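Shared between the two complexes below is chain A, which has chain B as its partner in the first and chain C in the second.
Let's turn to the complex of A and B:
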C-alpha cells in the first residue's frame, strides 16, 4: 500500500515536471511538501486551498492610453492599457472582434521571457481572454461600438506582464475589466456623405462615453495539486500543478453567476475528474 | 505647424532650451531581479531589470570577459499611436545594440569571465528621449545589482533647432527633421561611451551640440548620483 502511495507521488512529480518548463525548479522534497500540504488544506503562505491573495487594482495609470490599469497579486504585476481606434471597414457588422487582446511577457519578469521566450504563454492568455469575450452576453455595448455601417471602434487591450508570480490569467481578466471600465470612448456623430457613404465627426469637444462592464467575465483557474483543488497558485505551487482548468464567469447586476461562459482547457479535463 | 521654440525663447512645454525635465527614479522595484529601477523623465517612464552575472550560454561565452545582453522593448500602448509589436523592429534592435555597446564600455567586464549580464528595459510610457532614459534607467539598475562599473553612466538627448540646442527632447519635439544626438558619458567627466545621431546635422554645429550634450549629461549625472546616494543607506552591503 505504501509503495503504491510513493509510486503515485513520484508520478505526480514527474507529471508536474513535464507541465512546467517555465519557472524555477523545486526539489522533489519541496514539491511533496507543497502537494501534501495542499491536500491537508494548508498552503505555504498560510492560505487555505480556496483563498486568494490580496488583489490590488489601480486604474488610470498611463497617460498615453484611453484607459489603463495595474493589477498586483503579491508578486504578480500586470499593466493593462486600452487604446481605442476608429476603423473604416467594408461592413462593420462583420467585425466580431471589437475588443482585441494582446499579451506581452516583459523580460523584466524573468529572463526566460527574453526574445520570443514568452510568446507561447502570452498567446495562451490572450486566447483565453478572447474566448471569454467572444459572445453576445458579456459585451452589452457591442452594438454601440459600431458607429456606422462602415465605421467601427476597435478596443485594443494590451497587457504587459511585468512580474510573474502566478495567477496571470486571473490578474489579466481583472486588469482587462479595470482598464475597460476606465476607458473613455469619444462620442462621434455620423453624417451622410456621397455615394451612400458616411462621414464621422467628433461631436462636442471632449464628450466621452464608457462601456457597460458589469457583465465582463472574470476568469479563475482551478488547479490540481495532488488531490486538492487550489485557486490562485503562487509561483512555487504552479511548478507542482498536474492540470488546471480556467473558468470565465459573467455576473449579472445582482452579482450572481449567471452563466458559465467558456471553459478554456489548459489540459485534458478528464485528468481533473 | 507650431514652432518648436516660441518667439520668447520657450519650448512647447514651457521649458528653456537647456532645461531638462524632472527626473524621478526609484531603485530596487523588482524583488526577483538582481537589480532594478524605475525612471521618469517628464512623461517618459521606463522600467529596467538586471539579471546576473550568471553563467552564459556555451555558444556565447567569452573567456576573458562577460557578455552584456540587452533587450529593449516598448509597450504597445506607450506612445500616442498604438504599436503592433513591442520589439523586433529595426529601431528596437538598434537601441538594443547601442545599449549593449554602452555598457560594455562602462561595466568592469573583465571581472566576470565566462558569464553574462542581462539588462532588460521596458518603456511603459513614451515621451521622447527614449535611448537616453533607457541608459539612465539601466545605470541605476546596475547600481542596484551591485555590478562594478567604472562610473555611473548618464545620458541625454540634444536636438538642434533654429541654431539653438534643445536638451531632453519630448515626443512633440522629436520631429522627422530635427537633428538629435544622444550622448552618454562616464561619471562626471567628458568621456563619451555612447553617441548616436538621428537626421542630419551640419558639421559646423557639431561642437556646439556635443558641448551642450556633455553638459546636460553632467546635470543628469547629479540627479542619478543623488538617487543612488539616497538609496544606499537602505541597502545591504555584501562582503
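Let's turn to the complex of A and C:
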C-alpha cells in the first residue's frame, strides 16, 4: 500500500514537471500536423511558406532618445532606441565599432527569459547585428562619424524585446534600420586648439544630419520544417524546426553574415538561399 | 661555436623567392596537429593546433541533471582565454547536430574550451577540438566533424585557412559531417554576392573534407594504442 502511494506521488511529480515543461512543447501529433502542412505549403494561420506576418513599424516613439522605433510582427514586439555619444579618443580611425548594439530581454517576453535566461539569446542577436554592420560597405557614412582625429560619434542602439513571438532577428534588424533612419545627429564644427588638439563645438542651433541607411542590412532567417523552407515562424512552428539559416541582405545584391544552426543537407542549402 | 658563417654566397633574389613560398598558399592549411586523450586517467580531451591557433577541449559528462530536459541532453560550453560571444551559439548549434542528444535525457554535457593562442580561425579549431573531445569521452555521435575556414580576398580569389593578419573581404567557416554529407555549422562575415557565397561554400566544403583522414588517423591512433 505504501509503495503504491509513493508510486502515485512520483507520477504526480513527474506530471507536474511535464506541465511546467509544456510551455513551448507540442505533442507529436501537433508537430506532424504543422510539418506536413508546411510541406503542402499551408500553415496553421493560413499563410503560405514564403509569407510574413503583418509587420508594423512606428518610428519616433521615445522622446528621450535621438532616434527610436517600435516593431511588431504579430505577437513579437520590440522597442529600439538610439543614443548618440561624442567620444574623445586617442585615434578615431582605430574605432571600428561606431554603431554598437545591445539587446535586452524583458522577463515578460517569454517564460524562458525569467532570471538570466534571456542573456545568451540577447548576446546572440546583438552579435549577429554587430557582424552585419561591421563592414564599411553597409555603412556609407562610416567616415562621417569620425568628426576629428580625436573625436568620434558612437551610436548606441539599444533593443528591448517586449514580447517574444518568433522572428526576433528579423524584427531587430528592421527596428535598427528604422531607429537609425530616425536618428538625428548634431552638426559639429571642429576648431584647432593648443598642442595639435582639436575642439568640437556645436554649429548653428538645431542643425542635424541623418545617416544614409540605404545599404543597412535586413536579416532574414529561413527555417526547415520537414522538407519545406519557411520564413517568419510562429512560436509553435519554431519548436518543429530542424535547422535554420540567417542571412543579412544589403540592397544591391551584396550579402552578409549568417549563422546556421543544426543540420542541413548540402544540396538543400542552395535552395534555402 | 657562437655562430656560423656561411661561405656560400646566397643571392638576394633567392631569399625573396623563399619568402614568397612561405606565404600561405591559397589551397593548403597551415601546419596542423591534432591529439586526443591528453591526460592519462581522464577521458574526453583533445588538442588542436592549426598554425599558431591552439585550442584545448575537455569534456565533462554526461552528468545527471535533475532539472534538465526531459527528452535530450543539454550542452554547456565554457570558454577561457577568448571573447566567445561571437562563436558560442554556432558551436552549441553544431554540437547539437553532432551528438545523439536523445540518448542522454536529463543530463548535462559540459565542454570546456581553452584558447591558448588565437591567430585566426578559432571557430574551426574549436569545432574540431570539441568534436574530437566528445568522441574521446565516449559520447555517442552521428559522425566525426570536420571544419574549415575560407576567406574571400579583395580580388575575389579564395584562400583556405587565413590567419589573423590576412586582409579579407569576407570569411566563411563551415563544419560538416563528411559521411552523412550534412552541414552542421556555417558562420560568415563580410560582404559577398550570392554567387561568391556559393563558390566559397563549395570551396570550404571541399577543403574541410581534406581534414577527414587526419581526424580519422588521430582517433584510430589513440584507439589502437
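Rule of thumb we're sticking to: the second predicted complex is superposed on the first by the 228 of 273 C-alpha atoms of A that agree within 3 Å, B and C clash if a C-alpha of one lies under 4 Å from a C-alpha of the other, contacts with A are read in each partner's own complex, and residues count from 1 in each chain.
The rule is short, and it goes like this: a residue touches a chain if its C-beta (ideal position, glycine included) is under 8 Å from a C-beta of that chain, and two chains touch if they have at least 3 such contacts.
Here the structure is a predicted model, which means the values were calculated and not measured.
Undergrad: Is A:134 in contact with chain B, with chain C, with both, or with neither (first, second, both, neither)?
TA: After superposing on A, A:134 lies in contact with chain C but is clear of chain B.
Undergrad: Pick one for A:75: touches chain B only (first), chain C only (second), both, or neither.
TA: After superposing on A, A:75 lies in contact with chain B but is clear of chain C.
Undergrad: Mind telling me which of the two, chain B or chain C, contacts the most residues of chain A?
TA: Answer, by number of touched residues of chain A: C.
Undergrad: Check whether A:36 is in contact with chain B, with chain C, with both or with neither, and answer first, second, both or neither.
TA: It touches nothing on chain B or chain C.
Undergrad: Touching A:111, do we find chain B (first), chain C (second), both, or neither?
TA: first
Undergrad: By the touch definition at the top of the document, which applies to A:190: first (chain B), second (chain C), both, or neither?
TA: neither
Undergrad: Contact-wise, after the overlay, does A:245 reach chain B, chain C, both or neither (first, second, both, neither)?
TA: second
Undergrad: Touch check for A:156: first (chain B), second (chain C), both, or neither?
TA: first
Undergrad: Hey, what residues of chain A end up touching chain B and chain C alike?
TA: The answer is that chain A has no such residue.
Undergrad: Write out the stretch or stretches of chain A touching chain B in their complex.
TA: 62-65, 68, 75, 79, 81-83, 85, 102, 104, 106-111, 114-115, 156, 158, 160, 162-164
Undergrad: Within the complex, which stretch of chain C touches chain A?
TA: Interface residues on the chain C side: 69-70, 85-86, 88-90, 93, 96-97, 176-177, 181-194, 197-198, 201, 205.
Undergrad: In their shared complex, at which residues does chain A touch chain C?
TA: So the residues of chain A touching chain C come out as 17-18, 21, 120, 123-124, 126-127, 130-131, 134-135, 137-138, 243, 245, 250, 253-266, 269-270, 273.
Undergrad: So in the complex, the part of chain B that touches chain A is made up of which residues?
TA: Within the complex, chain B contacts chain A at residues 30-33, 36, 43, 45, 47-49, 51, 69, 71, 73, 75-80, 82, 86, 118, 120, 122, 124-127.
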